[in-house]
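Naming follows writing order (A, B, C, D and E), and every chain is counted from residue 1.
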């Protein structure tokens, strides 16, 4: 059977650092997978390798049966993989609405022609309406409609996190990659976020997330991959991971 | 069998390149600390030349005094320029402004506006014609080196540029001040958190860079024997191009690219024609950028 | 009781027309760990930045060792012995790790380098690597390490555990306790309220730009309002 | 749409005002200002919206002007044909030169456009056999529409105003659309835009080409309006002038670009009484306006307001979902 | 009317302001004289700054055309601006007399365009002949890349070939080029007997200095455009021996030349005028004479006709007549730089 995402023997070196070494893993359609590991284990690098930001040193990545290694980030994105960044990257001088609409336009490009004459024929109008609708839906999904007109730079950190997620959702991805979505949120906020992610998952979205907040990861992920020093050291259910000796040693620390 | 003609052309190209390099050094230093193109650097260069000229015609001092005078004016001009055209834009600390293109290009344009005012003022005060430098001050006595003829100024410029380059490299990589300059250039907010007086660092850089610009101006005045308000324009563009081609942050890179520009111009004149020489220089630039999108010695873009 | 090391009174801070802090009062006694809690966007970072002199105070006083420092230039404040590991890290991404630390040392120099590197062994492996290419957590460690380089008498930590692995988080909190033992006072903003309250001596809750609750940390730990809002619904 | 209507109204009503003076001078300035409105609006697309510092815009203006001039003088074609061709040829040239350079970012992009502009200028100047080089080209035909002459004072004004208004409206639609948002995202963070599926290289190329198209149209207008063009009209300082217009008015804002152009064309004319000091004054006004309003006389209105208006309608027709994200069928 | 208005468009600011400023000075000398001469009417000149920018040049042209009292226009300086403005004057029937416009098609724009400058069609053959009499067979030609430079090269090269000489080398450089050494080395490789140059004094001085630096002794010939005391001031000893043509000699003892030179010196700290101010002075006086001839009640058309009839006008640049093409026919003088001064030579 084929998996939605298939990572085969992937590796990446930066000079002397083996950031990711020979990792093989997969994500099934409809799964919610966690990726954990110590700082510098290569989690973000792996995300970058999947989303086309970093070229592979070896191995292949396939999505929905198609090899995507070597594609540019926007090609990958248009296949339905959408991501957020570990360091928040919103478009500060654009409104919240406009920020999110970029995700929608990324997936449903409105060309120059459409922008010029879109109002004049049905297809163009439909396209614009569709983009508006997706944008608005994504904003509703994260509950940011009330600040749609605000400049993104004026949002507090927590709302920016949701903004970034909304932007990714506006693409209507098949596969969503979240890099430390809960960083900087307090426990209550993290709990809300966990519920939100779960809801997204419940609606059929495949999700992979990196997170250092174990309550969140253990609470919502169906399966967890563990990286350490660029290698996969474990892959299993939360319960299995929680007790895995190698994981305890490398990541969780003994007293958790 | 080598033809001394080509050697001569190469030497001329190198000498031309050195004149660009002389200006590019200060330009790159200033760009480095603010990451904004200082359009007024050409006017600093011109002011340096005029300062020297005024001194010469007023008191006919020894040449060292002329250079010192130019340096003083350069320092003063750099200081005022920073205060007038750049500092006011640092009053905005909110994120939207810091990351806004509009703010960035405004800073660039404010230096442009200042440069317009300075140039027009110079034209009103001194007229826009070329002014001659008394012959005893000129540094263009021919010198024959083997089959090649150069002038004394070529060696002086080489010496000065080399001294500036080595001095700055030392400053930037080996001293605390240099480290502070690089820190401010990289992350001004971060610099505040580690206790760097960003304002003073920027001013210092401006003063040093402008002194170098003014020194370049007076040297060029003595080298070509003519001083006029628009003299900074062409070398300014060439210095800008050299800086970007070299990779922005690398002063040696800017110098090397200035030499490449000079040589490509003289080679273009040799093999094509003088009218097209800039075409070749710009062609080189584009080619370089196609293969090295961050300049020859530029840092790669940061990871995402 | 001696005068507190840092004392903030009636602090108002505005960004443009909008006022963000409306009269904050907060003391950090010598040798104490003070935690500031609060949900997103209430102004914690604004408070920290104002203490460090990055933002201007519209009104109010901040005194450090009896000396008023409100609206003093940021670099002077740092030189007085008040370092911050800021939100967003603000490291020098185009410079290598060593240079970052050297800059952190400022005029105090490199005396602390070995000690600091011993606290963060990962960094000593990466001294020549560009800080911008470090992983998120590594950058966070660098940011804290840099602030320690000056041997500050007051350390401001804005969400130090952000992006760190659980094992490292535990280490960081141990570290905070350790450096307090060495005589460094600490003002801590933290989302991980549970951990923060465990190590803090005092704590304050910031809401909408005002301190709404403050007192000894163990008291706050048991306060039901805190439990509800910051500890995920149930105490401990 | 509303600003476009206002623009239309103003342009249409202006002659009533100018007629009061009965001065060819006012028409001349009005036409010139309009041409620069188009130039600065077209640069707005690249520099304001997509955030790419463009230092060679005047060259495409020149390509357009030369296209019109050479087609008229060599093939005897009239304005009706040459105007669209001016835009198309400029766009084509821009497309070709953009092919290798659009991967560049930030200042590297800027310096590449500087080089492109200078190279095109050198071609106009030095390729004497084709462009007549420094001799320039006399454009013997004025404005016309399918053979009907429009070179009377009023007719010429309306011709320029119509072309410019239509173009500015087109640029407005481009920048205040989702297409414009995609361009803006490149300005804000191109790597992140890339991750959102925005194909940055392609969009940069399109924006660059489109802006060259409108600059070319402006060139065609200028050629037929003055009747004589020479390379000096398109040198580097013109690019900088256009850039100044875009920035003074408010980078990122189309009305700002329009106002900036009007200001920097009208101001030097208005200050003629100051004699030799007028350019100092222009520099000072420019400086002060940037100093006091660094985000421009008119900051970025952003697509925001317009998109919201548009959205308001769109949203009502699709019907808002209730609640806070519950049951949203966003898949 | 008792005052008649003229317009003068010229660069008073910008990179070429030095020329415009000189023209204004020359015009003021001419105007003061005229108004002091007790004529039945006074003349007023409206000066407008074009910055050598075609945009501004056409704006000014419209402005002048609008002013019903203006019956004639002087200027502009560069051909580009003069040509652009000419399109306006042509349409409005405004006589335009430029002291310097050298574009080959300038006077072809319409019957309203006049110029007071020796064209290269005249100067080129004159110089070619001069060089031929000196036994120079093989020449190198360089000129600035402007419309004027273009006409320098064609006007001269054609004549050289017609005289049986050869042009060994011919190239254009961009105005304001600073380093001519590459070009000079290249010229020398062609081993010409002499170098013929089309440049203004700024470029000329640099060229001559660098020629000297490279130790090259090949004789240099140039046009009247380089004839300015500033050439010698800037180039110093390097200007020695340069051959030029001119139609204005400040040393000419004739009273009207001396009067102009004295007036000029008074207004410029004792500096001596060069070729261009002299042309401007004459252009203004030719225009004034035409206005006088067209009075009373001069109109644009009448001024144009009067201008066209200008015959043997006794100016400081010699006698000027306009031919049927409204080109000035000038008497040229041969000059050489000797001992730091321009000295007329017989041959």
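What we mean here is this: a contact is a pair of C-beta atoms (placed from the backbone, for glycine too) under 8 Å apart; a residue touches a chain by one contact, two chains touch by 3 or more.
If you're wondering where the values come from, they're calculated on a predicted model, not measured in any experiment.
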With a step meaning a move to a chain it touches, how many steps does the shortest path from subunit A to subunit D take?
1
Co-neighbours of subunit A and subunit C resolve to B
From the C-alpha centres, identify the chain that is farthest from subunit B.
A
Busiest interface, counting C-beta pairs, is A-D
Using mean CA coordinates as chain centres, what's the subunit D-subunit E distance in Å?
38
Computed distance of Cα centres, subunit E from subunit C, in Å
75
CA centre of subunit A versus CA centre of subunit B: separation in Å?
46
Taking the mean of the C-alpha atoms as each chain's centre, how many Å separate subunit A from subunit E?
72
Note: subunit E residues in touch with at least two other chains are 13-14, 17, 145, 172, 174
At least two other chains touched by the same residue of subunit C: list those residues.
133
Among all residues of subunit D, which ones touch two or more of the remaining chains?
125-126, 187-188, 191-192, 195, 252, 276, 279, 300
Which two-chain combinations touch?
A-B, A-C, A-D, B-C, B-D, B-E, D-E
Can you name the residues of subunit C that touch subunit A in the complex?
37, 39-41, 45, 87, 122, 129, 133-138, 140-141, 159, 162-171, 191-194, 229-233
Going by the contact rule at the top, pick out the subunit B residues touching subunit D in the complex.
37, 85, 88-89, 92, 97, 99-103, 105-110, 112-114, 116-117, 120-121, 124, 237, 240-241, 244-245, 248, 275-276, 278-279, 282-283, 285-286, 289-290, 293-295, 301, 304
Complex contacts: residues of subunit D adjacent to subunit A:
170, 173-174, 177-182, 184-185, 187-189, 191-200, 206, 210, 252, 300, 302-304, 307-308, 310-311, 314-315, 317-318, 320-321, 324-325, 328-331
With touch defined as at the start, can you tell me which subunit A residues reach subunit B in the complex?
48, 53-54, 85, 89, 92-93, 151, 153-154
Which part of subunit E faces subunit D closely enough to touch in the complex?
12-14, 17, 48-49, 51-52, 54-56, 58-59, 62-63, 65-66, 78-80, 83-84, 86-87, 92, 103-105, 109, 145-147, 149-150, 172, 174
